[in-house]
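First the structure, then my questions, so here it is.
Chain lettering (A, B, C, D, E and F) follows the sequence in which the chains are written, and residue indices restart at 1 in each chain.
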C-alpha cells in the first residue's frame, strides 16, 4: 500500500514495500526480545520493539556518512519467539535462524534482547566464514565460563564467542578479578576507553581480520548517551568515538553482520532507543553500501 | 509466516495471516494517531500503537462473552497519516477512508487519537445508513459549536456528530454552563453515571434505533480504571457497567461500527491500554459474531 | 488581560481577573508546598502546584452539584515559603497567615503539602470560632503525641488538632496499637470505611457541630482512585462516598474552611491531581454557594 | 541494634531483631526475584524488593483484622538466586529450599517473581501434607501443558500444581479455548469474578480441604487496584472481596503457607506494592495468629 | 506582594513585581504551548510551563557571564492560546502578538512549543528590521516546502523563515535527501557539529549581519544533554559550544530577539528543562545587558 | 549465610559476611535519608537506598584503579532516623554518630540525603583532626548564612563547614550575588569547571592540607551524567575529571572520610545511582587501600 493518506507500515525505518520486501532486501532485521538470563536491571526484551519504533522517527539521509542506507532494502522479520526451556536452546534457535538467512544471501542484523543473543548470531557466522574475527563493544568482560548456573548467561557471552572466533573488545571498564586475570594471562585484546583513546581506531582495526562480525552491547557507551541498559557504568565510549571506529573498520575490511543488544528502554529516555536505531542504520550504511 | 520459532507479526491481537489478511477479514482496525486539537494533557496520538501492542498481550478466548472474536478475521491497517493543514481536512480524510472500507464490506473499528476522529467515522456511517443512531461514551458534553477557533476541535465532537445522527450519551459529568443549557433546552438524552445507574442498560438501549454506531471517549470510564486520558474526571463508569450496556445494545440492535479514542498512554499505567484493547476485542465479539 | 488570543493566567481554575482578584474573591487558595516531616514516600511539596495545574484542565460547571463554584471568586495566593528551621515554626506561620485571611473575611482553602499544614489552619479557625468541630478524612490515626522526635510530625496531625477542637475521623484503616488504644480508651469517633458505610453520611453529620472545619488527607481515598500519596493503604473510601458525605455535611451545617493535603503527584497518574482539583472545586461549591 | 537514632534494618515490616531473628520467628519471607519465562510485560523480578520496601512503610496494627501479625516473628531471608540454566532447575531449587524451611518448623511466605515460583512452593507443601488443597487467585487459567517450549513457563503454573493437589481458582477472566475446554471437561472449580460473587466466600471455602495452600497471582485483582502486573485484565477482584475470602478460609481451615507473585513494580504506581505488602501482612495475621 | 513568608509568584525566574511588572520590564517571555503539527514524539506543548517552573529553581547570578540578567526586568505573559483551526492561523497569531510587543519596545523571548512558533516570531522581526539575519540551532534541516499536507508543519520551519531573512544553521545532522540537495544547490550555510567545530564560533558570527534573530530547536543539543525532544539524534552540540557561540555573536552584533523551542519535558529528565531555563536566562543576559 | 542458592544480602556491594561484618570492616557506610530543608526538586531521601541497590549491580574489580576495594571490608549500617524536630538537631545527631564511628577506628562514608548531612560528618572529622582541609564538589556556592529561616538549610552547607575547616570547592557555576561577593572578598578557593580545567588536578591538590575530607554534592557533575539532583545546572564536571582529581588527591595526601549526597533517584535514570555507587566504591579504593 503506497496510499499517501497512510503512514508507512511499522518496520525498521518505516519503509514502503519496494524497499522492505524480503525478496528485494539485502538486509534483514532479526528482532530477538529475549532477556531470561539477565542479572542486572530488567527489560532488554523490550529493546527490539523500541529500536524499530524509534527508527520510524528517523530521517533517512545520514549526513554523517553521506548516504541513504535504506536503498539496499531492509526487511524486518517478526520477533523470534523466546524458547523458555533453557538459554542453550534459545541460542541454538538463533544460530539456526541466522544461518538460514545467511545461506539465503542476506546480511543479518540481530536486535537484542540481552547480549546472549549474540552467541547464536556469531556462531552462525563463525561456522560459515573462515578467518572471521569479532569486534565487541562492551563495558563488561563477559568472560565468565558459567554464571548463575548457566554457561549461556549473558555474563558469559564473550567467553562463548571466543570459542568460535578471536575477539577484540572495546569499552571495558568493569569485571571480576577472575575475568581480569583471564584477560591478562591470555593477552586478550580487550581495551578500556582510555586504552582505546591511546590506541586510536586504526590501532583497533589493525587487530582484526578481513571479515569482521560486530557485536554491540550498548553499555559500552557512556551512560550519559545510553542510560537504558541493565548495567550502566560511568566512563564509557561516546557516539563520535564509536562512529569513527566503525567507519575505520568498514573502510578497511568486510563487515559480515552485526548485532545491537541490551537496550532496556524503560531504564532511560526514549532518546536512547533513537541512538540505537541511528547506530543500526549507520552500520548498515557502512557495511552494505551499494 | 507460521514458523513456530517466531512470534506472530505486530497487528491487533497478534493474529497469523489466516486470521488477519485483508481479504479474509470481516473487521478492519483503522489506527488514527491524531491529536492536533487536544486542549488538555497530551499524547492521544500514541494511543493506537499502545492499544495494538497491548492486544498482543491478550488471550483470545473472551470468557465474559464466551467466544473467540478473532475468528471473523481482524485486519490491522497502517496508521492514517495526520493531515496537519487543518482538523477539517483530517476529518474529511477519515470520512473518506472509512467510507471506502464500508463500501468494501468491512466492519470498521477506528482507534484514536483524539475524539475528533469519531466525526469522520460517524459521518461515513451516517451518510450510508438511514436511521442510524449513535451511542456515545464520554465524560464531557463535547457540545461546543467551536473551540479554540475551530469547529473541529475535540471539544466539539458530539456537536458535529449530532448533525448526522441522534446521539445518546452516557458518562457525562463535566461541562461548561452553555453546554449544559444546550442539553436541557433540547432535551438531549445525555446521562451522568448516576442517571445511567437509575435508568439501567435497557433504558439506554430503548433510546437507540436498530442501527447503532458506538463512539467511545475513554474518559467516560472512572479514572481508577482509565487514568491515561487528557481530561480524567472522577465519578466515572466502571468496566462492568460499560460491558453490560454494550452487551445489551448488541443483543437488541445492530452495531455497525465503533471507535475507541483518547487513550494517552503515557498518562497512566499500561493496564489502561490493556483495558482499551480488551474493550475493542469484546465489542468486536459482540457486534460481529459469526 | 482578557485578550482572547491568550489562555487565562495560571491560577486555580484558570480564572480571569474578574473572578480571581483578591478584593473581589470570597475564597482564597493558600498553597503550602511543605513536606519536611514526611516519614513515608516523598513529594507532597509538589502537590499544590499539581492541583492548581490540574484545575486549569477542568470544566467549570459542576454537574454533580449543579453549580458554578467559581462565581464567588477564587483568588490564588503565591506559595507559602517553607520555614526550614522547625515544623513548629512552620505551623505557626501557617496559623498566622490563615488567621489574617479569615480576619480579612476570606474563606480559606489550604492546599498541602503534608498533613501537618492542617494544624496551622485548624488552629486559626479553632481560636476564632467557638464550638468548632473538625471532620477529618484520613487512612491513618495521626494520633502519635510525638514522632521522629517532633510533636509536629505529620503522624501527629490529628493529635494536635484535637487540642483545639473535637475531631470526627473517617477512612481509618491503619494505626499503631498505641493509637488504637488511645481511640478506644477515649471513645474517639474515628471510623474505618466499613464502619462509615454502616453509619451512613447522616450518622457522621450528626456527630458534628454547626461549624465544621474539614481536613482531608487524600490517603483516605482508596489507592485505586488516589495512588499518589506517601502512605497508600488498600480498602479506602471512594469518590462517591466522600462526595456524598461532604454534601450531607454542607447541607446541615456551616463549613468554615478546609484543606486538601498529601498529594505527592509523582507517585501516581496525573488523574490523581485532577481528582484533588475537582474535590477542592466541589467543596468550594458546597461550602460557599452564592 | 536498637539504637533509636537509626531506622530499623531493611526487612519485611522493618522489624527489630527481637521480632525478626530466624530462630525466634514463626514466619519466614522467601523472596524469589525470578521472571525468566514471562511472556507478557516484564519486571516481576523486582517484585520482592518492592514489596519488602513497601512493607517498611506500613503501620503494624491491622485494623481490618484487629491484630498485630508481626508478634509471631517474621524473618526475611536473602533473595533466592536465579538458576538461569532452566526454569525446571529453578523450580527444583525453590522446592528444595521451601522444603527445608517447612522441615525446620517455619511458615513459609514466598514472594515472586513470576507465578512459576509457586510450583516449587506448592510441591514442597503437597509432598509433605496429605490432603492438601490449593486456593489460587489468578486472572488467567495457567493451564497450558507447555508454553514457549517449556512445561515450567508461568502460563503452565496451575497445570503443574494440579499434579500435586486439587486447585480451586478464583478471578478467572482470560484463557485460550483449549484451557477453557480443559476446565469444562474436567469440571475444574475455576471461577470468574461474577461467578465468585454469586457463590460467595463460603461457597469457595466449602470446596477446600482442611489444609490449604494459597497461591496469589496479583493479576487476579482488578487493574484499578493492581496495575503493576504483566497481564492486567479488566473486570477483576477487589481488595475487600479478596480479604473477605481469605478471612473465611482462615476461619474454617488451616492455611499452611502462601505466595504472592507477579508484581512488576515499574508497571504501576507504588501503591500497588503497598497493597501487596499489606496483603502479605494480613494473610500472615490470618494464618498464623498467636 | 513582598511578604517574606511567601515564595515569589510563578513567573520566569520567580521575580518579584519590581523586576517583573510589564511596564518596568525590558524583556517579555511569551509562552506558546503549541504542538499540533509535530510528527515525532509528542509533548512540546508542555515545554513553556516546564521551562518557567525550572527557572524558579535557578540562582540568579550567572557565573558564566558574570551578571544578573534579571535586572533589566523580565515579564512573563500568559500562554498564547492555541488556534486549532490551522497552523497557518496560529503562526499569524504569533506574528501579530510578537509584533505588538516589539512595537511596544520589548525584547521578546518566545518559548515553544514546536519549532513552528519561530516562524511567527521571525516574521514579526524580519518585517520590522531591514537586514536581519537568523541564527538557527537545529538537528534537522527543516527545509521541506510542505510536510504532512501543510507548509506550516514544524518540518518546514527554516524554509518558511528563509522567506523573510537569510539563515545560518548550526547542529545539522539529519535530513531527507531532497533537503540535502536543496542545501547544496543553493549553498546554504547549514553546518553539522563537526563542521561547526572546524569553523569555530567566529566563523559562524562572520556569516551573520549586525541584527540577529536566534531560533533554537533544542534538538540541536546532544541528546546526552537534552533528551526531551521529539526527534533526538546523537552527535549533537554541547552546552559549552552553544554558550560560546552565543557569546561570540552577542559580542559582535545585536541580538534582537530569540526563541527556545521543542522541549517535550516528559521525554527526558527535569534537568533538560533546567538547561532550557538557564539557556534562556543566559541569552537574555547576553542580548540585553544593562 | 553463604548458601550459593541465595543472592548475597542487601548491603553495599552485596558483600558476604566475611567482607561486611562490622568488626572485620575498615569502612562503614552510613546512609542518611534526610532531605527536610531541600529548596529545589525533591527526593534526596531516597538516595541512600538507591545507591546501595545500585552497588549490588556492580562488578567488584575496579579496572580504572586496578584494585578490589571491598577487600578492606565494608559494613553497611541501618539508615539514620530523621530527627524531624529541626535540621540543627539532625546535624548534631549525624555528628555524634560519625564521631562514635571514627573513635571506633572506622573510615566513615556518609550517603545523603541532602548536602546538609555533610555538616555533621565534616564537624566530627574537623573536631578530631587538626589541620583538616575539605575538598567540596558542588555546583552551588552553598554559602548563605541562613536560608528559608535556617542556618542549617542545605544552601548553607559550605558556610557551616567553613567554620570547622578551610574548603576548596570545585564545580561552581551557580550562586546569588551575595555569595559571589563573599567568595571574592575572602578570596575563597572556589572554582568553576573552566577554572578547574585551567588549574588542573594538581593545582587543586596543592591547595589542600595532608588530611582531606571530601564532600560531594552530585550536582557538581554535568547533568548529562547526573540528572537526578534537585538543582541540576548545565556546564558541570565529567566523570573522568572527578576521577582524576580524586586520584591525584589520594596519591598526595590522606583522605580521612567522605560523603556522597543529593542523589534524588526519581529525577533521573537509574544509571545515575550506578554512577554514585561506582564513585563511592572507587573513592573507598583510593582512600583505604590495603
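Simple rule for what comes next: a residue touches a chain if its C-beta (ideal position, glycine included) is under 8 Å from a C-beta of that chain, and two chains touch if they have at least 3 such contacts.
If you're wondering where the values come from, they're calculated on a predicted model, not measured in any experiment.
Number of steps on the shortest path from subunit B to subunit D, with steps defined by chain touch: 1. Farthest chain from subunit C (centres taken as the mean of C-alpha atoms): A. With centres set at the average Cα position, the gap from subunit C to subunit D is 37 Å. Centroids built from CA atoms put subunit C at 54 Å from subunit A. Shared contact sites, meaning residues of subunit E that touch two or more other chains, fall at 81, 222, 224, 269.
Taken as a graph of touching chains, this assembly fits none of the simple shapes: it is neither a line, a ring, a star nor a complete graph.
Chain pairs that touch one another, listed by label: A-B, A-D, A-E, A-F, B-C, B-D, B-E, C-D, C-E, C-F, D-F, E-F.
Of all residues in subunit F, those touching subunit C in their complex are 35-37, 39, 42-43, 45-46, 81-87, 89, 147-150, 152-153, 266. Residues 1, 4-10, 33, 49, 53, 77-81, 93, 96-97 of subunit F touch subunit D in their complex. Contacts from subunit B toward subunit D in the complex involve residues 57-64, 68, 222, 224-225, 239-240, 243, 269-272, 274-275, 278-279.
Of all residues in subunit A, those touching subunit F in their complex are 40-41, 140, 172-177, 179-180, 192, 222-224, 227-235, 267-269.
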